[in-house]
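Order of writing sets the chain letters: A, B, C and D. Residues in each chain are counted from 1.
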């Protein structure tokens, strides 16, 4: 930790929130240098949906390394890449009736977002993109433009102020106003001042933005309305995809087909850098090499991704588990909530659950207390006012219970000392 | 290959130039599915400076995986990360008298470029950045703005036209005009129209741009002049760093200290995604988490990077080897050149050598012929008119000779059939 | 007309709507070459509030010209300019308790808007400006950015997409939603994505945008809220100022003091090019000559402006007349409306009155029919769906009656032939 | 003056440089309130090429006003406008073999520049515009983007940093480098980073920028090269047009035909606000009313403009006079120059002559001394280092001599007291 404090830029963040030097990990557990154990309700911010160090992935990797498997390949064809594509088509796209071309972008979600936006602009011949309140799409300029949180934009506002409009997300104006209808009105009105966008980009559940959930109806309206106006719909499923909501894609429940889908985080199965963009074949207008990058061919990631896809998505067992246990977690949280009338609110789908504190500063306090008590859990929302429950999808019943208990006791401990808030 | 042709976006590029499905690799050799062997004069576009599947790195990885080492850690402290930092300080920064903070950005060079530019804008409170003719810095919007090649900008020109000015690179206006002096004039002249930039960003050797080499004097002028004007100097050493030019950093020969340095590609030692930004401590003005990203903690990469730094930079043997063999390669190329008066020109430093063809289309033809003959070598320059010799730094004498022979015979073969060009 | 059709750019517009070559004018009447007479319900789009060729202004001009009065003076001091300033302070600012510095910008409203926006950006050190749905502020780039109508933005959307956000104007989301409250919410929410603007700019009645009227409460909320957030409030009173709404400034009824006010159109009294910007002294941060222009000193305009200010604003007779007759016009329109249930809606203040047709195309038809019948009247709104009643403030009772009769008979004539619309 | 100092914004500028309240004017003379007389070597910054209060224009105006001629007409057809167009076609365009459509923009040069740029962007479907070092095109955002002087851009640099590149003007890189060839190279090179512009815009003599003169060859190269690349060429003849260089258009000597020409300043003949844009018929792609504005129909200006065109351009007498006397002025300046070796440089064409001082601050000192001695003359250049001789084209021999004598004696007086400068 001294090494890091001395030599790493002050931009470092999680090493402040979770002040330990981690050494090993397995399943739903992290261990630090002193072998302290932590239940993981964080899952690498969604990059570790299948838990840590899955034995099948480990073995595949060791075998691959031992036989001098290709590590780095840019976008050349490799055995590992082909095996991933085959499994992805077979277990993910085909069963869902989806037809997409796959673009392997640089291995970060932000880079896949950048590619999606650029392709939309090229295909449509116009630059405007619509993003949403509390959206989070990454930190490179093309993605940061679309990211709402003021903290990330500070000092850069003027440089980011181009080709982007933020529209109120589902529910932002209260339950009585359907903001998709408002967007339709603005797009239809020649006097609205809103330039017709090339695309809208959205998360079906805003993870970093505070676990804000788009309704089924809103998503369907958005799909219908963008098609009618000739606007592309991009879904950023970086955090909410790969089973996090119970289904592989977070938009399956609304029965819609976006024009582009961004996947990253858990796509490699074990947390290795990998991203991809799904593109409707009719808009795959790239010229060869028009969007490129050095690390598009991370073969270790392709390898473990192929294992993960087959292991967890050849049937619906994982999906059923997540949906079932999600209800249990929500019930548990409701019990806590009832203890503190008016203090908490709960929302979520699958293993993507937020617990918002009326007293905004409490969420960070609880997160800190949990860490001391052996649970890694982070906060989200523009003011870090929401505690974000993100266990591995594969977590065992015991580990889940263990984690929830730590959470409960940490809240109880803090609420006891807390003065009431009158807002 | 069929899988890839059917399902991958048409953006794919190298799989067209090098049409084989690769399976394994070792040292300076790649092998395809049918076990055909190819000498590698490409080195993953600079990501594989130490060759393929270094035995020490392989063993370290297998051990780490076997003991459930942390894979993914965002920017939490881990044992693997600390070992990398320790080695980097000890073997790289300290011996060169350099004092930088390290920022682990998203694991792509483009992301580190984005971070550098954002930090410069925040620190200086102004947005303008100066890039250079034929510059290449990546494909996310903030990096693409700085990338000169029209092919990558097509259809996006208007969206990229903000806060950036391209200035002629060293030598662009011929040997008699020092373009650093011209930039100084423009910056000093209140009537030039050039807004004072937050930073300039440059490669000391433009790799993708055609192996264009900045002179020592030009680099020193740039350093002196930017300091005098209160402008930050960012060196993008993604491709030219990590020993490619013979020294670890490409700017060492000019004896300058940039305000920020971007490293990526070969920094992990074996081609795993990893990037970092070096920042002078006095401008490390980030707030915690202000630039973030999921894959900043690729621990496999930290692990192999730590091995690579210690193995190859604890002494100057590799450096001496590269400088020595560089001369041999250039001599070899000059012999070829003499066979075809007026057709070829040669330039480079270390193992970053370009062979430009007067008949621009020839470079691609030679690259194709080489591949058929068992050598992987790519082209660069805005019109792909330059053949780019990029062998692993660790290549054996025999492999190097083998590769050069294939190159020679491929050129001979093509030049024989070629009609003379009169331009 | 042949000259104009042959040699003028096809951008010409009013010469198509009102196809006559005009020769002379007096009071509320225009005369064409053939001496046909037209009642003027157009008033030069608000530039002729005091009617045509006011005898006092004519005489002052003739005297001035005869004695070789200065015509053009840039921003040098002249006798004519000083007399205007004296009268403006004495009859306009002082009696209303207003304290503003006066900037004489280029002699177009758009130029004064540009100056206001630039000053706001300089003073606040940030670039974002908030404009509103259906706003109209002019056609130079800095003003066009703020102008909502898609017709004017066509082909330029991407170039205009910078530093501007359009927010719903008063009433845009229906009577139940106060859009000033929504703006306050977005500005207060760190997750809204809305960059804090330097200023908001608004018309209290949107003239070109369709006679949309901001409520007193909305204006007061805007004033309070912008002050609280440290945002400047600019009122564009180009069309709605100079008595058009009954008061000299359109915002007097809401009892607010904007930080900047833009005046143009009728400020010269007789339609000569002139514009000015009123600036709260504490934000008059210009450096000498920082916003300049050749025609800031149109002395004929200063001269007639001084006459107009004294003649029409030394007491409240004109103001009372307009408020009184406004009611009469509205009553008249309501009688027409009752003849065609569901077809018409009426809105306005003072002599700025809109008649909207449910069947949007009707407004243009009525305007054309009126012209044939001897009345000049134009349309407004993003789809030209609103007939805009803009008589000179000084119109005589007989002329007003004459104009209204032509309007009525033209509507009757067209509605007779019209098929019902079911929307 | 007290009125102005108290109530006018501190942006005022000329009233500081020429601190008198002006009252009347005639020919080449200005008179202040106290009836002090000043020779005018300023000509309203080029808006008064035909001197003050031309008797024919005065009489035409008085007659027009007396008979209730239309004052304000937007872009409706009027008798006055048609007479201007007729004369402009007959005496200006036809004899020069030029075929242009005329657009009457808002009555400022900046507005015509805005229209030209917008039309170029619409026609070409791309936004980039190339302007030049030391260019001056006005202060609205679209024009200010193209204006090089840092003083005007201060605090707005980031907002102006879009779609514009400044290229070195003719001679900027010394006599040995033809910057038109450099621009051709950048446009032809796919690696230059320069986006293909919609248009270039230039002044043939940069007035505000310091009397920098484009050579005939440079202008011809620019015309040839832009045509070849499919780029429009806009000439801003606001200051250098209307006879200022001896010919009506400043580009006649180079025998080129721009795609668009901007005229303003002296076009009205007497300093009234008026501007127009000449457009090659094949690119007149405006939709009706797409660029509009209140004061496009300043009929007083049309009237005097028609008089001026006929009076001064029906033959070549004025043109010959200016060319003849230009030589005399330059000879006179050379005599002064010889008195102060190395201190002065002279450049110009027609009555657009600059006298640059090596000791930059001297130009302003001389201007001040001249004013005290009865001569109005201003400075230009990014550091106000150039004295700008701009007498009315119609100035009498005696007045010209008088002005030059005052200039000479003011220089002598100041140089006597000045310490030598060693640079």
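Heads up, the rule we're going with is that a contact is a pair of C-beta atoms (placed from the backbone, for glycine too) under 8 Å apart; a residue touches a chain by one contact, two chains touch by 3 or more.
Computed from a prediction, not measured in an experiment: that's the story for all the values here.
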item	value
For subunit C, the least number of touch steps when starting out from subunit A	1
Chain at maximum distance from subunit C, centres defined as averaged CA atoms	B
C-D or B-C, whichever has more C-beta pairs in contact	C-D
Between subunit C and subunit D, centroid-to-centroid distance (C-alpha), Å	31
Centroid spacing, where centroids are CA-atom means, of subunit B and subunit D in whole angstrom	49
Subunit B and subunit C, separation of their C-alpha mean positions in angstrom	58
Residues of subunit A engaged with two or more neighbouring chains	127, 151, 158-159, 162-163
Touch-based graph of the chains, sorted into line, ring, star, complete or other	complete
In the complex, subunit D residues that touch subunit B	126-128, 131-135, 147-151, 153, 157-158, 160-163, 165-166, 173, 177, 182, 186, 189-196, 209-210, 381-383
Subunit D-facing residues of subunit A, complex	158-159, 162
Subunit D - residues contacting subunit C, complex	1, 3-4, 7-16, 18-26, 30, 33, 44-48, 52-53, 58, 61-62, 65-79, 81-82, 85-86, 89, 101-104, 106-111, 114-115, 117-118, 121-122, 125, 127, 138-145, 151-152, 154-156, 158-159, 162-163, 238, 264-265, 270-273, 277, 279, 284, 286-295, 298, 300
